[in-house]
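There are structures below to look over.
Next come two complexes built around chain A: one with chain B, the other with chain C.
The block that comes next holds the complex of A and B.
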């Protein structure tokens, strides 16, 4: 009989070669980055296309539009497909296609500043809240205060102080977005701070700021990315509502909201007057919502 | 009345027969994961069957597949589950509902989350009883009181209207058992029913399950990873590995004379309470199989010392060997003599402990509830201890005994509320920021949960380098070299430094945690339950690694665990904690062999050992 090998070798030297080498990881199962994975879903792609088309239209407004946004022609309320005015003209004879395109441009300009501003302020508040319990209480009350005002009351109040124009719109949007970002980040920091790997980092000698920047924030940031997409949607609505109420960007400069607002009295005679801004806002909001939802699903896995 | 089929005198049909069951999940990349492969077993009426295996062995998936309660993408791909001849794998949802609860009752692992906190216990039972067709409200209530009494809830008529939070963990598990029994099932399926419970409570629940089996004739299928629990409660055992049964036979036979090398390795890996301090645990080399990578051949071949070439190509069938044992192992099938016994556990030659490094005196830690004035919860009550160079101090206790708090106070993760802490004679109770930084270079910590304690966003290299950066040790190149050295020291391939923690198994992650703790070159390592989340076969590797590191680096170790057997083997001295106090301390062997405190004695009595037991009434050590 051949000697039987021992079941459990007493020393590592008795191990067969295949078992003696140091333990490696499994085959490379490095999953793709969650954001990239999220953006390659059908949902997100649809959203990206919708948003992309709108953004492109806005950027190329000077090229695509046949007229200046405030140029008046003799024809008012021209119908769809009128030569030279594919979307017709408004009550003052201005080309609707040009006004919608420049309106997109104006809207994008506003939300591209307002949302990052709101996000940055919200995150600053959240960091202050995470730093000290007293600051936390104060910040929480500030958020409550902002949220206590319905969006439009806030808009009217700011406009009453600053007068109508582009700046109040930007400020109102930024203000309205602060609590959403602030609360999300504050919550994320509080949750991550109790995680064991954060304790491990502190025991490992990492300083407070380093623990925050290197360990807590990257893990608390996921909901913020989703929130940005949501906030952009909200911002489009706020701008539209403010212009609609006449407290937004000053006429004659077009925005999506102001074009829609002007179309109101003519809805029976010229329904196509409202169609341009309506379709654009719908496409933009739908696209952003799809992207937000795709990001949300992927990061929550 | 229909009489039972009197026709032919066939052998009695088994209550449950599983034939060639296969369960697949869909992996994140869309490829199938074979969680269960070609699984077959039978269960007779009134039998007690243990299904034992480590994580990923498919034991829980099997339990869920029996009543088709598979989560997520899980689906039965092959085979049948015959309950009295009815195939549950092919049954309609309607038919399955009639089986769940009424014929197969289930109990799950976590009694804390399995009860709805807003419903009283009576309502929970009432709902189950109504679902089983009891119309009369008063009768349901009477039956509910009965059931609570049956599972040993004292004063059931008074407690029936209490809510889940008013019961302890053990009592909640009893209530869940009562709910599972409400439909008078033929089979009670218990998936790790005692894993979340303390040893002394585990003992009571296992006794209850055994009593119920004896008195009501309900067959018991107990799914567990714990060989001690198997020995304690089941007459037959099914050993699973890599999604299939590798051994099946009478418990006494399998425990004393395992036929499959995996079973033998698993049994050898279980720490025994009787093994003296300084004994090396025997593990199984390698790590549990990755279900995505399983190909043809025996799943255990990669870790098996008996493996031959044919093991790697053909799947071994489960064949009948002697004494009613079946095993799926090609080399074992041809053997006539028993498997060679594992070598007697080796003694570790450890140098005698040196000078005292860490000294704690009268440590106090109180958690105040927010907004509540007055006394809070005392987690540490005047705890004193000393720790010498090259010494291991084992700290044992059940959940809530304060052992984790002690670990965190010793590692300066939480401040203490009283007492003094000295490191090499220097008072470090309330260190300044700079002193704390210096203390942390000396005192490092290994955490319980290897999943939660590694930052998921960082690569292994970054994780291990983090303390080096924090302490300003070396430039970029020196750090990279040191990381490679640390990974090697912890038994990992340095090439894995650019992977993320999720690519590693539990034991490998714990090695990463150890490499990180060693990075600043500490002299004290606080290990808070370092092996509690690991499989038995891997536990021995990590314990061995810690012991080797202690010998090579002269580390002083605080080793915290709830398993006395592990603690005895690795520790020079043991301190037993109960309700925030150290109730007993002394040399490891002394504490285990001549326990002085009644609590220590209860803890020792409750530890389940993987040796066959006679099912006779045991004298229960009463707990204070």
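The block that comes next holds the complex of A and C.
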């Protein structure tokens, strides 16, 4: 990222130094990078640890899981701490620890494709909107149309065409992310474009694309970084919701949402059935929102 | 006000029209023929043709679309393909249940949100203030299926005081119905109540910091009166707008909460219709839900414009 003239006031801890130093030495007191500052707060560190543990568990699922995610043992609804099944087994006698671990893995696979896809499409729409007023009107209407379908209704509409499965989950998440990223970037570009440093860069002879890539985009990107963390939470939410609605990834493959939704009919006999996915989803969502909040606070300064 | 409505109306109608077209088109793109799946695997081609004829599937697409829109406008939605019964009746039943759930949730949102907001802003006990902050953060972050499972485990399994799911019609047995309604409505309301609480808390804190409040305090007006007569009214307008937006969210969230608590509303109907490839039900239902969402958004904009004249003249 190229340092563009920072028009925001220097952060408080940088002030006394900058007052003491001569003008030419400004580089030495440049405030700490906001993302790094945000990620070193206690809040963000807690979030990173929570998310890190869950992601690691998912990545290492084949190593950590003692059983295949769909292997059935004779014992159904085994209790917590049963030898060989630390989290017990589900109604079909499948090892719950293995199902949760492979469930994380399935969710990660979906999210890793869907969120970047949605973000990229949203940003493309935003660039098109910033390029021409007619395109802008069209793009705005597309966003309106997507937003006219509340997330889960969108999920139902997409599964109406494709049938349940992994692909519709990915598409619904990506579709739901498009307006969020698109609107943020479009707004950011429109605001930054009017700033004086952009005029200065133009006067200095930079070409249009160069001004956009080297000057406008880096300054319009802050809200997008926060949005990524928010989008990951939304993705976990949509996957789980679609599993509950019976239109998610097809059984017997486990996802966090599907293991939790399968536990619902057995909650009165075997509440521990729900424990694994419940704790995992909570850790993931809590961690991501802590990170998002830390980034949000720091970039808004 | 009327000119603002006239300006906002075309774009709302445009979105509705585009949505209706999309919903109609996507269901025609679905692989598989509803007539074949309805007739069953062993049906003769003649039976399938008869079913196609009865359902009007052979007519040109444009006339099918016109017929569909016409049926929506007259309210006579015809028979369902697979679930059985008239689509109007199915949707009517589901709509009743979903409206009941949404209204109950809205009530919870207002009660809990106001309590969170006022206590969070004015309580002298630090303990209460941080308890409220933690509660709202958790309620905002937790997906409904997590809070739903927790509510069921706590109230239905551990305490055994409320049923884990299902519905009793309200006018048959109000006290029993309320028991069935409580958990789903609470689960649906929690995130919106947290949002409302946070907004209200910020609003009250800002209003209490104004100079006029300091003057009023100096003049000896009781803190309680200051809160209810001065700070709260000042904090309300943005909260009303927010409430409108949250009503839209409740409508969307209801689909999921219905699945968690086996609440027989529109969401459950949509699920059934999708699984059995019942075109008319799915089509009508999706459009109805989108229309409801668009209307709520339009109403929200109108209330916002009514409260804030700057928007009207923009």
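As a convention for this text, the second predicted complex is superposed on the first by the 276 of 301 C-alpha atoms of A that agree within 3 Å, B and C clash if a C-alpha of one lies under 4 Å from a C-alpha of the other, contacts with A are read in each partner's own complex, and residues count from 1 in each chain.
By definition in this document, contacts are C-beta pairs under 8 Å (C-beta built on N, C-alpha and C of every residue); 3 or more make two chains touch, one makes a residue touch a chain.
As the structure is a prediction and not an experimental result, all values here were calculated from the model.
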With the two structures laid over each other on chain A, which partner does A:203 touch: chain B (first), chain C (second), both, or neither? first
Is A:262 contacted by the first partner chain B, the second partner chain C, both or neither? neither
Contacts of A:241 with chain B and chain C, given as first, second, both or neither: second
Of the partners chain B and chain C, which touch A:231 in the superposed model: first, second, both, neither? neither
Contacts of chain A common to chain B and chain C in the A-superposed view none
Within the complex, which stretch of chain B touches chain A? 28, 261, 264-265, 268, 282-287, 290, 292-293, 302-303, 305-306, 339-343, 346, 408, 411-413, 437, 440-441, 444-445, 447-449, 452-457, 466-467, 469-471, 488, 491-493, 495-496, 499-500, 502-505, 507-508, 511, 513, 516-517, 519-520
Of all residues in chain C, which touch chain A in the complex? 11, 14-16, 18-19, 22-23, 26-27, 29-30, 137, 140-146, 149-150, 152-153, 156-158, 164, 248-249, 251-253, 255-256, 259-260, 267, 270-271, 274-275, 282, 286, 289-290, 293-294
Contact set on chain A toward chain B in their complex: 4-10, 15-16, 18-19, 21-31, 195-197, 199-207, 210, 214-215, 218-219
Residue numbers on chain A that touch chain C, as the complex places them: 141, 144-145, 148-153, 156-157, 159-161, 233, 236-237, 240-241, 244-247, 257, 260-261, 263-264, 267-268, 271, 274, 278, 281-282, 285-286, 289
